[in-house]
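Since the structure comes first, as structure tokens, the remarks are kept for the end.
Labels run A, B and C following the written order; every chain starts at residue 1.
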Amino acid sequence: MTIIRTENLVFEYRKDDESPPVRAIGGVNIEIEEGSFTAIIGRNGSGKSTFAKNINALLLPTGGAVYVDGFRTSDEGALWEVRRRAGMVFQNPDNQIVSAIIEDDVAFGPENLGIAPDEIRRRVTDALRAVDMYEARAKSPHMLSGGQKQRVAIAGVVAMRPRCIVFDEPTAMLDPRGRREVMDILLRLHRDGITVVLITHFMEEAVKADRVVIMDAGEIVLDGPPAEVFAHSDEIRALRLDVPLTVDLCDRLRRRGHDIPRDIVGVEEMVAYLCR
Amino acid sequence: MSITVKDLVYIYGEGTPYETLALDRVSLEIADGEFVGLIGHTGSGKSTLVQHLNGLLKPKSGRVFVGDAELWAKGAKPVEIRKKIGFLFQYPEYQLFEESVYKDIAFGPANLGLSKEETDERVRESMAVVGLDFDAFAQRSPFDLSGGQKRKAVIAGVIAMRPEVLILDEPTAGLDPRSQRDVLEMLERIKADRRVIVILISHNMDDIARMADRVIVLEKGRVALSGSPAEVFAHEEFLHSIGLGLPPVTELMRSLRLGGVDVEGSPLDVDEAEELLDRYLRESGARRGDRGKLI
Amino acid sequence: MIRDITIGQYYPGDTPVHRVDPRLKIVITLVFIVMLFVTRDFLGYAVAVAALGGVTAASRVPPAFILRGLKAIFLILLFTFLLNMFMTTGTPLVKLGFLTVTREGLYGAVFMGLRLVLLIVGSSLLTLTTKPIKLTDGIESLLKPLRAFGVPAHELAMMMTIALRFIPTLLEETDKIMKAQMARGADFETGSILRRAKNLVPILVPLFISAFRIAQDLAMAMEARCYRGGEGRTKLHALKMGRVDAVAMAFTALFVALLILERVYAGAIRAALISLFLV
């Protein structure tokens, strides 16, 4: 079943009233399956973040349409239906936590939805357990590490019980430990059936997705399973993006005359090939 | 110019319930022109240590020498010593405040009391070093720049003071891969000059392995390891146990080995790994070829 | 450094005083303050001191911790005291040059000083035993009836919540910016006042920009989490009155009754006390 669908999505904006419109997204058609894990990669200014904000109606298309679970984001009456179905986690862990007490922050979303206090309590507990932050529920966010703050932010979205979560570069400001923590939680949520859309520029994260979309200049350039997409490593480099280390090494070995299959992207696959 | 630190102790929040020993008798020496990589996970004391080197923090006990001057000796002027040390903080874009890139870069030189001509020369020079075109950027507002350009403008502001020591705390954090590469290339050029001491704090072990002459590992406020990148990254188990990683390529080769691939060595860069795997594939191919013949 | 400053002092604990409903606690504090102004003599204050002492003991907040809060207002206290002592006309007691201490003045000074101390201690007990976030909930709830008259109860409470959340963040930010500019040779410690004020520009501009960025990011994050004002919103901590609150109300009623009785029968009580001493 499709959960997110865009129809010729166009997004234009103006820096000020006089300047000509800038086209951030130029006609994107994409369908995202419920329960899938899609990674979207692109350089700064490729339109990937704008695309993310179009999914949960923080930005509305200037052309075409976006549907979330059948609701059109530009229908005024559907706004809250869209947002409660598609949650969003942002880059800066500090600037998305509202309350000075962790459990109060996680409750913020459900409170906005007008849910009964007993049910909010249950959801807050579940959400904090899901991100392994239950023990810290009474603490203040400014005493946490970046990774822990980001996990609280994720809990705040999970407590709204969305069908889909869009992660907009959630690890960009974290240290390696925080990055690992957040990726573990993200994978766990995906296993539990939540649709995950991950905007990132870390290739090692993208490799873990079951679908990789590469954007450039507001358009989709490559789209497919990681093995398929990263087989086009020269094209990706031409877009001035990195490729995963394993892919890079295999390319180098191929150039030295080794006949290595093109579908190796992960470490496990590389081990399997080398041990054959 | 050299830096010497002797038995440095620093305590955060002394006398409060949150009291923590941030630095525990740290001693180290850094030679002139040395490029030091400082690693340790968040909270290990890295930032606290480097803030002592230019007197932003005052130690509880211990001594800090920058060149011939002792930082907290009687009659010493930390403000004067600070001027010799360039400091790039984490996510430093927030320090931009002037109306133009030019004026912002000139802030440091102006504080040094330099003449207009000299300041102008410094601004042009440092913009060239970081790769910001003078004509295109000097008069623009720093707030209109892209993330990567802002970072470069900040770095130019630090370099314009012609520091003898350059301390960089995660200079590439949060940048896109392209700007990261620009900043690293600039660092390579500074290193090649060999005129300043560089202290690089980074979680990116790849950058550390490639650039540092010496790697210092901090753990719980103490120096846990110190040596060449090859020496330090050979302690794979120890580094993992304190939550630090290896350079990605070293990590990959380790995973291959743990997965049962019989490759020797811990390469620190991709070229070396390529070489090793090439040899491995040729040998295993030959072996398989032999077996084929035997059957 | 800056981050050592504690704002919105709260003394953690789980005593009955801590557990009283924040709305009730705010009301009780207001009642207490009103009663301080109703009382006209020291006997009334004795009742107030006893009540405060009892509540303090029950809250397990160390008295020294409470009195530390008085240090901040010491100057105001001294000023009030001196003003009352010298500026009241009446029977002269001592002459200090052109200043005369009168009997009424001394009485007034002690009386006003004590009132101020009781006022501060009483209201700081409120903040010491109530989490800021609960205080916010309490204020929102109490202001709700005034919404009909255009008081933006929810918005005010939301502002307080966000302020509480971001005060530590902004203090840290200030610390960071100061250090970064000092590393670029900025000097915040010397020079004339005008020069020092000018030197603050490299701190203030980045601080404002940072605050605006936080505001922008936060607004977007709140919207993404379906925030649309107070309408139709529920609360995780639904405020509910319990047994502790009934007890608190009873004590407050007793306190008010005692003070009113004391005021009505002040003359009789004084006469009784005097005769007691004479016997």
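As a working rule, a contact is a pair of C-beta atoms (placed from the backbone, for glycine too) under 8 Å apart; a residue touches a chain by one contact, two chains touch by 3 or more.
Everything numeric here is computed off the predicted structure, so don't read it as measured data.
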Subject >> Arrangement of touching chains [line / ring / star / complete / other] >> reply: complete
**OP:** Go through B-C and A-B and name the pair with more C-beta contacts between its chains.
**Re:** A-B
Original post:
Taking each chain's centre as the mean position of its Cα atoms, how many Å separate chain A from chain C?
Top reply: 45
**OP:** Starting from the mean Cα coordinates of chain B and chain C, work out the distance between those two points in Å.
**Re:** 47
Original post:
Once you find the CA centre of chain A and the CA centre of chain B, what distance in Å lies between them?
Top reply: 30
Subject >> Touching two or more other chains - residue numbers and ranges from chain B >> reply: none
**OP:** Within their complex, state which residues of chain A touch chain B.
**Re:** 43-45, 145-146, 172-173, 175-178, 201, 204, 240-242, 245-246, 248-249, 252-253, 256, 258, 267-268, 270-271, 274-275
Subject >> Parts of chain B lying in touch with chain C, wherever the complex brings them together >> reply: 13, 16, 51, 54, 56, 79, 82-83, 85-87, 89, 92, 94-97, 107-108, 111-112, 143, 157-158, 161
Subject >> Of chain C, residues touching chain B in the complex >> reply: 4, 173, 176-177, 179-187, 201-202, 205-206, 209-210
Original post:
Across the complex, what residues on chain A touch chain C?
Top reply: 56, 58, 80, 83-84, 87-88, 90, 92, 94-101, 103-104, 107-117, 120-121, 124, 140-142, 153, 156-157, 160
**OP:** Spell out the residues on chain C that touch chain A in their complex, using ranges where they run on.
**Re:** 131-133, 161-162, 164-165, 168-169, 172, 213-214, 217-218, 220-228, 232-238
